[in-house]
Amino acid sequence: MPEQGWASAITSVAPNEIRVRGYRIDELMGRVSFGEAVYLILRGELPGDAVGKLVEAMIVASVDHGVTPPSTLAVRNAATTGAPLNACLAAGALAVNKHHGGAVEDCMRLLSRGAARVQAGEAAAVAATALIGEEKAAGRRLPGFGHRIHTDDPRSHRLLTLAKEAGASGPHVAVAEAIVAALAKGGKALPLNVDGAIAAVLADLGFAPELANGFFILARTAGWMAHVAEELQREKPMRRIDQQACMYDGARPRELSSSR
Amino acid sequence: MPEQGWASAITSVAPNEIRVRGYRIDELMGRVSFGEAVYLILRGELPGDAVGKLVEAMIVASVDHGVTPPSTLAVRNAATTGAPLNACLAAGALAVNKHHGGAVEDCMRLLSRGAARVQAGEAAAVAATALIGEEKAAGRRLPGFGHRIHTDDPRSHRLLTLAKEAGASGPHVAVAEAIVAALAKGGKALPLNVDGAIAAVLADLGFAPELANGFFILARTAGWMAHVAEELQREKPMRRIDQQACMYDGARPRELSSSR
Amino acid sequence: MPEQGWASAITSVAPNEIRVRGYRIDELMGRVSFGEAVYLILRGELPGDAVGKLVEAMIVASVDHGVTPPSTLAVRNAATTGAPLNACLAAGALAVNKHHGGAVEDCMRLLSRGAARVQAGEAAAVAATALIGEEKAAGRRLPGFGHRIHTDDPRSHRLLTLAKEAGASGPHVAVAEAIVAALAKGGKALPLNVDGAIAAVLADLGFAPELANGFFILARTAGWMAHVAEELQREKPMRRIDQQACMYDGARPRELSSSR
Amino acid sequence: MPEQGWASAITSVAPNEIRVRGYRIDELMGRVSFGEAVYLILRGELPGDAVGKLVEAMIVASVDHGVTPPSTLAVRNAATTGAPLNACLAAGALAVNKHHGGAVEDCMRLLSRGAARVQAGEAAAVAATALIGEEKAAGRRLPGFGHRIHTDDPRSHRLLTLAKEAGASGPHVAVAEAIVAALAKGGKALPLNVDGAIAAVLADLGFAPELANGFFILARTAGWMAHVAEELQREKPMRRIDQQACMYDGARPRELSSSR
């Protein structure tokens, strides 16, 4: 192969000057939130304030879900063998796929089919009914709807509320809500789960479905770090990790102070 | 092995109620920043506002450093083979070690030796000189000092400034600065690099050194996502990736609007 | 979720007795080759002698291909950061995908479409022409044919010869050879590459396409180990790894002694 | 950084000619076993017949150990999320560490301290007693001795027998056996486990301790492939994997035919 030039538009690095999408990184530090920085590096421009906060909320929503998710079990099974932190986190990322975390991507593709119908003039309710029918005919489950534990996912409500407050809610959110309504009407109520809510918001923000599980991995890395730290502090090496035998013994239920 | 109970203090999950360290996750969403959520899940309590901003700034500082870091090359080499996003990110995490990203952990251990001396009554300058001597005698390089590209790392200055503004600067930052001063005095000036600055701040905030490379991985995951997306959009599969042949062709230098 | 039993048919473990597919592992040791053991654990029965040797030859064929494959570059980029061996090997496995190693799986699926036609009575040459036409019409490249370096892959010839000697060659090999002949006749000669040859042999042996990249990873793990060892012995940490700048300086060309 | 040449002594690749350590790979195929190829690529020379067989036996010994090892659980937890095979195998490799598989490396280092004493003229029994005392004084467990299930590991006996038959047994094996004898004499009988036996053999063959967990990963990759295949064939996605609830339902105990 001949020597070949190529180009990157993400970050320029010169002695004592690092610029992400054109902005000096030391100027971004302390002036933009991590959510805004994530948006910037992926999209090339800073979002407005409200969208930046929405991205942060979306990441906060995914920060942890206890010890039962397979990715967290992969992380803890690596930690119990003495794996270093980075290997534990990589094992977690490897267990984020189609059936865990991956519903975001599949749901984004589903909702974009619905959004296309809406943008072509169809009512969201009609589009929703059509999508449900198509998925049923194809023998597929609706990705982003239903949850093995939650009948009404509190994260979804909150995220859609924030999206509307941010003015970032569009046809994808509309179709997602119309699917929930159509399912309830049809007697097969399924909640929009957090994957589905994130899918709707990411799609209305214009993100590509291919990036979906990256947001989950990024957010959950914080949770996995906590699980590794706890595993090392509280447990013996090479133990059998049975998620059913795990009790919660942390802080009691409490509320954020009203000042926030 | 008999069936054995165990406990976790991180997240409680009940139908329609998820609590991280006692707080409802849907209440956290939109009310705390991701930096605050990371602090909360790792430490058990929410930080004050200023510390939350400092954690965000620390993560923003690590979000990307162009195409040359080995972890980014591992990510792009995985992407060019058609690897899914989560596998690319895992490959990146696996290339964060002793010589790349790992200086944070080593530097935290170094600075904590210095901080112990300071807390025992020694002046930071004296402790710094002692540490430099010990490392030299042991034939070790000072982790967190010096950079292959930057003679004066702009991220370090900014981060220490923010730490001081947040009132979060303590003996570890003092020792780090004293080492820079002592090296300059001794005619072997080496800048505090971003790993060293993060190490000083993390240590003064009370984080365990074992978690250090997790912060880097968490932050850099955003950058790796951007590199995977760009690789897929702009390059052909199975290409030879030569970092020296890469030109930056992104946004021109620009400044944040003064309103931020 | 209720407590649920499940079963595995692979290995039974009792105090001082480990049986793989029913055979004591200590009886297998020294009496069956690794190729036979791999066949046994995946298929449930030991292969005949000739097939066992064929499996070994197939693994030997994939043991290494120098420094340019992206997976080997991912391994070396991890090693240069100080990653432990297992993390380097995992990074390598993560860079085995559709465009590198993955052609085996795609080619198995292609050849099985051809084998189905042959088994339904069609001549291999006719089936081959049909497949070429279908792939061309779909705008797909033929997986397993052509190579960026080799115009005539020596590993493919050898492997097909061994398959025939073992009496293990069937319709998949026949279709693969017919595709090569049809391409040459059509003026667009492309060699069967090692991925294609392995695909043909694996398929005629009755392996599932889903396992294909596992054989490659298993074999190449040996090569990756050699690259990690060499990286640590000969190179400095955190170096820039440019595969174009690499010279071979190992043993001169030599032949196996005739006694083998 | 200036453009810098470097060299590799492993594999030369020219159009239509691939040579591993000087031998044409197509000549190796079918003429050397995988064990011999592994030895060749790591050491630069082919082993004698007996040593080649010993390496194969060592790999066969590690091919699987049922569903309870943490690495296999990491593999199955990845598989249940829908992870592709290569990601499952990488997750397995990441869970091979100090406490699982890693005893080989630690035991090699222990035995090499003993072998040095033996080579300096000390009796193996004396060296063994000294090592036991040193480890006890340091509060360390003896790596490679004892097993959570087996009181007498059948793989260890077989491997040492094969090593002796191959004339490949040396001071490391002698010290390992002397440690077992000394422990029994002292009333604290612990068997040499398979990790310890592999450690003794690898060390007497002259392999570097740093490569130890690579042999385990290479061998166990075959077992992990079987577990992924079984998970996909027999189980539903996103299931809770409880190793205690797993029954063996495979082939009944059987013996190799006497002809082998």
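Here the chain labels run A, B, C and D in written order, and each chain numbers its own residues starting at 1.
By definition in this document, a contact is a pair of C-beta atoms (placed from the backbone, for glycine too) under 8 Å apart; a residue touches a chain by one contact, two chains touch by 3 or more.
Bear in mind the structure is a predicted one, so any value in this text is a computation, not a measurement.
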Mutual neighbours - chains that touch chain A and chain D alike: B, C
Of B-C and C-D, whichever chain pair has more C-beta contact pairs: C-D
Farthest chain (mean CA position) relative to chain A: D
Whole-Å separation of chain centres (CA-atom averages), chain C against chain D: 22
Computed distance of Cα centres, chain D from chain B, in Å: 36
Separation of chain B from chain C, taking each centre as the mean of its C-alpha atoms, in whole Å: 40
Multi-partner residues of chain C (at least 2 other chains): 1, 3, 68, 84, 86-87, 90-91, 94, 96-97, 148, 240-242, 244
Pairwise touch network: line, ring, star, complete, or other: complete
Residue numbers on chain D that touch chain A, as the complex places them: 68, 70-71, 73-74, 77-78, 80-84, 87-88, 90-91, 94-102, 148, 237-238, 240-244
Chain A to chain C touching residues, read off their complex: 1, 3, 84, 86-87, 90, 94, 148, 244
Of all residues in chain D, those that touch chain C in their complex: 1, 3-35, 37-38, 41-42, 44, 46, 53-54, 56-57, 59-61, 63-68, 84-87, 89-91, 93-94, 96-97, 101, 149-155, 157-159, 162, 208, 210-211, 213-214, 217-219, 221-230, 232, 234-235, 239-242, 245-256, 260
